[in-house]
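Multiple structures follow.
Below are two complexes that have subunit A in common, paired first with subunit B and then with subunit C.
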Partner chain A sequence: MSSFSTDPAASPLSGEPQDAAGGFRKRFAPALMAGPATLLFATLVLTPLLLTLLLSFNEYDHATGRTHGFTLSHYAEVLTDGYYLEIFLRTFRVAALATAICAIIGVPEALILSRMRNPWRSVFLLVVLAPLLVSVVVRAFGWSMLLGPDGVVNMILQAVGIGRTRLLYTEGTVVVALVHVMLPFMVIPVWTSLQKLDPAVEQAALSFGASRPTTMVRVIAPQILPGILSGSLIVFGLSASAFAIPGLLGGRRLKMVATVVYDQYLGELNWPLGATVAVILLVANLIVMLTYHHVVEGQYRKRMG
Partner chain B sequence: MTKNGPLALVFHTLVVVFMLAPLVIVCLVAFTPENTLTLPTAGFSLRWFKAVFAHPDFVQSFWNSLWLAFMAATIAVAAAVPAALAITRWEFPGRQFLNALFLSPLIIPHLVLGVAMLRLFAVVGATGSFAWLVAAHVVIVTPYVMRLLIAAISGFDRSVEQAAYSLGASEATVFRRVTLPMILPGVTGGWLLAFINSFDELTMSIFITSPSTVTLPVRMYMYATESIDPMMAAVSALIIGITAAAALLLDRVYGLDRILVGQK
Partner chain C sequence: MSFLTLRNVTKRYGSFEAVGNVTLSVDKGEFVSLLGPSGCGKTTTLQMIAGFVDVTSGTIELDGRDITRTKPNSRGLGIVFQSYALFPHMTVYDNVSFGLEMKRVAKAERAALVEEALALVHLDKYAKRYPRELSGGQRQRVALARAIVIRPPVLLLDEPLSNLDAKLREAMQFELRDIQRKVGTTTIMVTHDQAEAFSISDRVVVMEAGRITQIDQPYRIYEHPETEFISRFVGKTNMLPGTVATVADGHAAVSLAGVPVEVPADGLSAGEAVVLCIRPEKLRLTAPGQGRIAGRVTDRFFLGSQWLYHLDGPLGTVMAVTANDGDAPLEQGAPVGIDWPASVVRVHRGVLSAAPALEELE
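Presenting the complex of A and B:
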């Protein structure tokens, strides 16, 4: 990349003022324009993340609550202690389950939506996606009311003779609510890849005598696979770091990674240990996201030309 | 076009019920006259809405959230417009890095951002400061503004600007009279999306709000972990109402489907 030069599209325009300071301005224009945002992000994204990384290596003095020195003991503790292992495994299990269910529901739903005619198509697309805009606390609260001891679901269970069941504070409830929150993130990329699909290809397969299931498996599925993978990784990443849903629907017994970090910071006040769990969560998340970027997108480009 | 069979429509109906059920139940229970979380079978009552407005903590948090979202969205747009113009129109060292940096809050869990901000605030002595809370919110809503702006700027015909220049307009005039009006849907759409996201944010805010700066979602979370009564349903219904109003406005100025799935 050549130093401070404009790219062809942004080269000085004919008629653009060419004063003596033109060269100077061209040189520093992007710096001035992107400067405020860069300063903001350096101060409030890069610096705090770096501070947190450093904090995770600090010793914590339980008597005084002060942090100092250098130690790897927090990492050793989190990575070997059965308590943390169990929490990481539970978080992984819940996130994987939520991701699988989102795919099972979201992929067919995106297909169904894409086969609807307007105005139904726009209306239902909004119905499925717009809950995304409502605060997750409100949605968690809605689920706690639906699944509570006197909630609608328990009323139905009683009516059909199964009887009252304790639904709140179980892994199942956390998964159901996570699916509700994450489903739009699965539908969106699948919908997008369905829009790129040429309907003539499906028609061609059918007119050459392929059955509907064959067309689905051999023609449509391979083309929307990148969308499904992309949605799965987003859903998994967001589910694994979700806070409000396990916090409100998992209760005190059902700890997940996010609620443990919260406890360490605001309950135990052991910030270095909390920072360690947060750093591990962030690294795991970035690995998932970047893997997607390199593997999935790379393959997709290769295959699609 | 292939049509949906009856089985597909049944499936679709179930998905729609699943997506709407928690929101509908909250809005219904908000109108209950009872003291417990029950559906309003005996008649509708506004007593729980009155209870919200009689609760000074919730009123305070409501104004905090509204003001915070307004400030954060406005500053995010002000910082993102020049930055997006620089990224889309200029080639300079570190351009890709800046692009990734401005979008990074989308892939960093808000929980991690929350604890990181908490540490930063402790180090610089900003714990409990409203201004720093606004700055933290600016960071998490900027990516949404950025994405809409970059789309708006890349998709516009620069010959209009060239025409203005060749007719003797100054750079400031061209920006004000040509560039800005053309990217305006991206600007207003980005502002509204930023407002909604800031207004809704819980996970990061819970770490960095102090008793005087508590936002509405954080207040609700704290309240819900202690006790649950129909007042929570009334607060939720109010939040749904505000979000719906902002979303309708967003639909008018930019198109909700374009925001949600990136196309008209």
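Presenting the complex of A and C:
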């Protein structure tokens, strides 16, 4: 036995650190390995967030801009003003709607995709992912060209006799464009959880006399719930903080939270107020997502562990 | 009276014929195994009976009714999948109850039936558990309970024991047979394990490259394999190539590297190439100088209840298995005589084909 332990390669097997250096390495190796990522995360995410938080407590003066005093007045303003409340409600309504539509379209899309055979599967997967390769701004302009007063859709509406309709700068348009942009983020997680499904489980349900819809609802849907859950969280989070789509398709008229932040920073030059709105959006978003996650995941965990 | 009948059932994928002209009648209450190496079409055949794979041509009849084109969810068969395919998000109880629910059995009656089925597989205490909380053997039994609770006309088992370890597999074999006898369900099992097929089946269907090569009782297949492939696939065997030297009044003398062996003539003619098959356990080891041929022990393997010897002799290396009677075994290099009764020799016509690759025999 002792002749083996002199071999340093054998020491990890013994379970106990052989010397001080080994113990040190063992204790700090995980921290060291996680170090670079932690550093990157801290610099690029936490620092700006912290600065934004600090900024939101600063005082604002019309003549001089941001001053360095401490105040909670911005929070009071945002939380009590009906104007901001409406914008927050609109933002979450649009995000929730976009998430629901993404789920309704994305889940069947992933199901169909998972049933395809190669090469079609690869081709259509690429089609699903293709929108991600085009800039959001370009896609938003695409929509505004389609839906504008002289766009293709209005031309068709006119030809059919419905007449010219205002499509741009409406909530509906923003939702449609958000769905277009966010759909891959729903399809991919659902598709991944479908890949993990044992095809025999579906056959088993069928063999016991279940119809296809029953199999879908009772057997397949509960198993891909985690995929739908993570897809929804991604889509909701990205939609609620989306800037380019509401900015370009909602315009000045239809404000959403991200565009308000932009306006406060660059239009009103009221940085502390912009920072306050941003912080409240982050917190509200977190609350909504964590609650949703808790409810759905709790349901799932009870059964799947 | 045949209960389940397959008539010339064929499945083609493009130009590839996965299953060709399978004709099989299964009686009510019978336990039939489809045995063959992987890729022989046994699973495809089972899937066609289940309805998961379309039949290219031929018909499948169940109790006088043509079910060839019936959808799988209206065939009402009980299936145990190789992966068990339990519903992971349902408890053991709900898993077993699922089929009854689909048949719209009343709740009270359902509870009684589920409990009965769970008791049959000794899982009555596990009704509230989820599949992930069970061991492999327990999952296997849930799958079995789930399949038999609906009282299916036919029970289909797709490699039901292949995911269990050796000891559990053996125990489950007997339990499976026991349960099948109690319930009396007509059962078709797919397996690549000949021991499994032999120990619990009434009849075994040997398949090779999409075709049935022999349908018989297990011991008949072992003792009278109809092809050289079967004798090689089923158990161990000594394959000895030779030529028919003379044929006279019902007997033929086959020359095996100069050693004459007498076999039944059975339509053989002089000069024909044949392969003689002798099972290792049919060879008797005698004192040196006695027996039909002389040999020398080159290797010996202890199998617990038996000894397996490799013997060098005029016929090349042959395998012999003797019961472990408690005495000391033969030493390596020891000379022995090799003898066998004339009745144990099986004759296959033709020359010896190359030994199949190991994975083919898996």
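Simple rule for what comes next: the second predicted complex is superposed on the first by the 239 of 305 C-alpha atoms of A that agree within 3 Å, B and C clash if a C-alpha of one lies under 4 Å from a C-alpha of the other, contacts with A are read in each partner's own complex, and residues count from 1 in each chain.
One rule holds for everything that comes next: contacts are C-beta pairs under 8 Å (C-beta built on N, C-alpha and C of every residue); 3 or more make two chains touch, one makes a residue touch a chain.
Keep in mind the model is a prediction, meaning the values are calculated, not measured.
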Checklist entry - Is A:Thr173 in contact with subunit B, with subunit C, with both, or with neither (first, second, both, neither)? => result neither
Checklist entry - Which of the two partners, first being subunit B and second being subunit C, lies in contact with A:Ser193: first, second, both, or neither? => result neither
Item to check | Of subunit C and subunit B, partner touching more subunit A residues | outcome: B
Checklist entry - Regarding the shared-chain residue A:Val219, is it in contact with subunit B (first), subunit C (second), both, or neither? => result second
Next on the checklist: Looking at A:Leu133 after the superposition, I want to know if it touches subunit B, subunit C, both of them or none. Which is it: first, second, both, neither?
Outcome noted: first
Checklist entry - So, A:Ser232: does it touch subunit B (first), subunit C (second), both, or neither? => result neither
Next on the checklist: On the A-aligned overlay, A:Ala204 touches which partner chain: subunit B = first, subunit C = second, or both, or neither?
Outcome noted: second
Checklist outcome for this item: The shared contact residues of subunit A with subunit B and subunit C are none
Item to check | Residues of subunit C that touch subunit A when the two form their complex | outcome: 50-52, 71-79, 81-83, 85-90, 98-99, 102-103, 130, 132-133, 146, 150
Checklist outcome for this item: Per the touch rule, the subunit B residues reaching subunit A in their complex are 1-4, 8-9, 11-12, 15-16, 18-23, 25-26, 29, 36-39, 78-80, 82-83, 85-87, 89-93, 95, 98, 101-102, 104-105, 107-113, 115-120, 123, 135-136, 138-139, 142, 158, 161-162, 165-168, 170-171, 196, 199-200, 202-203, 206-207, 217, 220-221, 224-225, 228, 232-233, 236, 239-240, 243, 246-247, 256-257, 260-263
Checklist entry - Tell me, which parts of subunit A touch subunit C in their complex? => result 198, 200-201, 203-212, 214, 218-219, 222-223, 303-305
Item to check | Touching residues on subunit A, where the partner in the complex is subunit B | outcome: 1-7, 9-10, 13-17, 29-34, 36-38, 40-41, 43-49, 51-52, 55, 105, 108-109, 112-113, 115-117, 122, 124-146, 148, 150-152, 180, 183-184, 188, 191-192, 195, 199, 202, 237-238, 241, 243-244, 247-248, 258, 261-262, 265-266, 271, 274-275, 278-279, 281-282, 285-286, 289
